[in-house]
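Several structures are given next for inspection.
Common to both upcoming complexes is subunit A, partnered first by subunit B, then by subunit C.
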Partner chain A sequence: MDTLIFLFSDYTFQTVALGSALLGLISGVLGCFAVLRKQSLLGDGISHSALPGVVMAFILLGVKNTEGLLLGAIVSGLLATILMISIVRYTRIKFDSALALVMSVFFGLGLALLTYVQKIPNSNQAGLSRFIFGQASTLLQRDIIVMAVCGVVLLALVVLFWKEFMVFTFDSDFAQTLGFSSQKLNLLLSFMIVVAIIIGLQTVGVILMSAMLITPAVAARQWTNRLGVMVTLSAFFGALSGVAGTAASSLVPKLPTGPSIVVCVSGIVLISILFAPGRGILYRANRRRKNRLLFRMEGGSPDVPTI
Partner chain B sequence: MIDMTTKYAVEVEDLTVAYDTKPVLWDIDLKFPKGKLTAIVGPNGAGKSTLIKAIVGLLKPVSGSIRINGETQDLRSLKTRIGYVPQSSSVDWDFPATVESVVLMGCYGKLGWVRRPRKEDYALTRQALKKVGMDDYADRHISQLSGGQQQRVFLARALAQEAEIYFMDEPFKGVDAQTEKAIVQLLKELRDQGKTVIVVHHDLQTVADCRWWPADRSAKFLMMKI
Partner chain C sequence: MSPQFEIQLIAVIVAVTCALPGVFLVLRRMSMMADSITHTILLGIVLAFFVTHDLSSPLLILGAALMGVVTVWLTEMLAETKLLAEDAAIGVVFPLLFSIAIILITRYAGSVHLDTDSVLLGELAFAPFDRMVVAGRDIGAKAIYTTGALLLINLAVVVIFFKELKIATFDPMLAAVLGFMPGLVHYGLMTLVSLTAVGVFQAVGSILVVAFMIGPPVTAYLLTDDLKWMLILSGLIGAASGILGYQAAMLLDVSIAGSMAVTIGVIFLLTFIFAPRRGLIHALRRRYNQKIEFAKLALLFHLYYHEGSDVEAREAGIDTIRLHMNWDAAFAEKIIRILIREKSVAFSGGMVKLTEQGRRNSIAGYDALFPG
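Now for the complex of A and B:
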């Protein structure tokens, strides 16, 4: 207990935990829409596609600070997203194939550029490889402010366009006939997901980022049948695992932060899938067993009207 | 308000719609009379749904013009006038939403961007649910509905739109005889209120008691007045 109190009063820990909590909250909210639109892998695609942007920003602009590198990440993440959407719209290639195609090309390019950059002197301090697996300990107060500002803007957009996002996610054709352009909503939502992913790159890295987007949403879906509750729960799960993961990595020596956050959120999803009332595996198994017993004892009649 | 200056609710001229290079509809000329209940009947693949989607603006036609209430089709001005009921199989019924929240979506068009539903929208939603006999189900999750109930929820959503012209894509699909009767009754009520109702249907037998006329020489489907 004392170690925990000591930990939570530590400045570095506070910074990293706050950053991770913010990241979990934001990706938890936006992940819900990605999951419900059956675009769970979109996050994976975008985050992998951000890598060449990071390296290009370093090569072309010579920047080393996080903001500059993330700007590069946003540009290439967006480019990849637009490319994916266009491939689906103008060819007969389906979304999953378009995603895999764009993602592997961009990530491959990113790795190639990274190898090239590492041969240039002075590049070691740039610490570009931290974007692959993430390095939460490099989070500075400046980075937290950037994350907080982005987070506030993204959450405000979700609140503002709540009804539009809901009807678009449920029935995009119907939304279109109501005058809500699905093209615009699709772009807006994709753009917001890109921003959410980019601000998480420094903490968890391109490879694990998609877990932050999908896992809290999947866990939250098990507990509720209402979109509002799902989004709130998902945000909570994300933030909770951010803090818990940071704490775990501070207490156990050499345990990296990003992966331990992902392990925490995976624990939550596992518990949810097993135990959630209504949808949980154990809950359903138990109900089936009870029903079988009930039918056997009372010889239950099926609830079908006879004509 | 329904203005009586034009006799036809929907006028389609020279309409050609294609998926990729293959035209599905070719040079279609059609007129849907105002304040009538009309069915579009034809076999699978005849282009019935395509026609409806082109009229409500979901598909971009290759050529031709569509006039609604005598005005050229423009989504922005149309959104409060048309009510579209898609096939119920077109959405994921495991979406986290209650019956009430789905029907409430019918009010979103009138509200426009960003504005939230008001008290009267909730009242309208209740009323629409009552009309389709689903008011006891308002707080149910949509995954607990049967096929016929899903169809009723979609109908209620369209009723909440308070549109002038309704387009319904296969509202009788997967529905039992009793529900079908209830739906037909509802559609007739809409017609009696002066609304135009256009229904896509694939079964000739259930609409046997009506006059029919060929839609167009190049069309593979029929139109009938019920």
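Now for the complex of A and C:
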């Protein structure tokens, strides 16, 4: 207990935990829409595609300030998204192939640029690669402020466009007939997901960012059939695992923060899938057992051939 | 053999090796499973390393290939509960396994050379340093032989089981009825994908393996409808990107694997834009033509319907017709001009009037849309 109190009064821990919690909250909210629209892996694609933008921003600006790099990441993430959407729209290539292709090519471009930067003499490029794997312990207070500002804007947008997003997510054709441009909504939502992913990159890195987007939403989906409850729960799960993962990595030596956040949130999914009332695996098994019992009590034969 | 030639040879072998199973991944809509597998083989390598404590042990490859299959199995088990969609299942499973791998590496394997960079990013330029020495004689880079063996395996599987792969990909039900066991084909293919990913990651890194597996087949998919041609074209595109990518990397002094991936992207982009029948330009032109055809027909119907009625002056007036068709002025003018050129309509008395031919076209169009 004392260690916990000590931990929570530690300044570095406060910063990192706050950052991770913010990230979990934001990606939890936006992840719900990605998961419900069956575009869960979009996050994976965007986060890989952000790399060339980060390096390009570094080459052009010559500095390593967070805002500049994030801007680069957002531009290349958006570019990748638009490319994916147009490949699917204009050819017979399916979304998953377009996604895999665009993200790996963008990542390749990022790597090529990265090796190019490393050969420029005297360039202070160290730390760029933290965008690949993320390093939550390097979060600074101004990073947190950037995250908080982006978070507030994103959440405000979700609240503002709540009904549009809801209709669009569940029935985009219906949204179109109501006069909401599904093309514009798609772009807006994709843009918001891009921003959410980009601000998470330096905490958990390119590869694990997709988990932050999908996993809380999948867990929340098991507990409810209402979008509002799902979004709230998902935000809560995301924030909770952000703090828990940070705490675990501070208490156990040599435990990297990003991966331990992902393990925490995966644990929540496992629990949800097993125990959620109504949908969970255990609940369904129990209901089947009860039905069988009831059927036998009503006089049914135990081996009725099933059709 | 010079190192430059060896690197290009390896690049070509790797690209072709990846493209072969990739064709089936693309056709079976499992591209993202490849992404998932290429990440989770890291866990297989780490676990096998804990057993053998030897980085060059063949058990590492076995462990990694096994982990690829386990990944597929876990993902499908999760998806079969119907509690989450297949893509969400992929997105839950591979970050978890990958995280476990990273945690294990950071905690227990920090002292050995098993860094995540070399697995995820790879470096082709180092391949010629690792020599294959048989009976005291240097017979070329080791990677040529390992990737070459893999290429032969993939080639053999695709040639020998071509019929099974084809039928299980396009019609799994029929395959099951005919006794080909699509499940077995599926897991066989997944084993092949994991083996390939493990075999080539040292050269190109596990993330870019995805570019080599998916890129050439997707490009070939835009060029042909024939599975055999798709396999051949994918191989050729892969090989071409290997050589071009290497040349570009030398020219600009950047990562070879990265530059190869970019080359694949550029080839795809060119195909995407210019491909005959399936490219962007073709699609845009077809859509535009369809729009014009539809508008022409709509206008003919409109004129035919109002012909001789009380409101004809308003509905078919030169200045008002666009309001009734809900078109902007420029578009209405264009459509009317086309119809005049085709002698379907003519101006008369301030109205757009159907000609005899226009009347015939209108009726023919209606009959084509609503036969009987």
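One rule holds for everything that comes next: the second predicted complex is superposed on the first by the 291 of 307 C-alpha atoms of A that agree within 3 Å, B and C clash if a C-alpha of one lies under 4 Å from a C-alpha of the other, contacts with A are read in each partner's own complex, and residues count from 1 in each chain.
In this section, a residue touches a chain if its C-beta (ideal position, glycine included) is under 8 Å from a C-beta of that chain, and two chains touch if they have at least 3 such contacts.
Note that this is a predicted model, so its numbers are computed, not measured.
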Superposed partners subunit B and subunit C on subunit A - clash or fit: clash
Touching partner for A:295 - first (subunit B), second (subunit C), both, neither: neither
Broader residue contact with subunit A after superposition on the shared chain, subunit B or subunit C: C
Which of subunit B and subunit C A:6 touches, first, second, both or neither: neither
Contacts of A:256 with subunit B and subunit C, given as first, second, both or neither: second
Partner chain(s) touched by A:221 [first = subunit B, second = subunit C, both, neither]: both
Touching partner for A:170 - first (subunit B), second (subunit C), both, neither: first
Touched partner set for A:208, first subunit B, second subunit C, both or neither: second
Contacts of A:105 with subunit B and subunit C, given as first, second, both or neither: second
Touching partner for A:43 - first (subunit B), second (subunit C), both, neither: second
Subunit B clash site on subunit C (candidates 293-301, 311-319 or 329-337): 293-301
Overlap of subunit C and subunit B interfaces on subunit A (superposed complexes): 38, 92, 221
Contact set on subunit A toward subunit C in their complex: 35, 38-41, 43-44, 48, 86-87, 90-94, 96-116, 119, 129, 132-133, 207-208, 210-211, 213-215, 218, 221-222, 254-256, 258-260, 262-263, 266, 269, 273, 279-281
Residues of subunit B that touch subunit A when the two form their complex: 20, 53, 56-58, 75-76, 78-79, 82, 84, 86, 90-92, 95-98, 101-102, 105, 108-109, 111-114, 116-117, 141, 143, 157
For the subunit A and subunit B complex, residues of the former touching the latter: 36, 38, 92, 160-161, 163-164, 166-167, 169-171, 173-180, 221, 224-227, 229-230
For the subunit C and subunit A complex, residues of the former touching the latter: 26, 29-32, 34-35, 39, 78, 81, 83-85, 87-88, 90-92, 95-96, 98-100, 102-103, 106-107, 110, 116-117, 120-121, 205, 207-208, 210-211, 213-215, 218, 221-222, 249, 252-255, 257-262, 264-265, 268, 272, 275, 278-280, 283-284
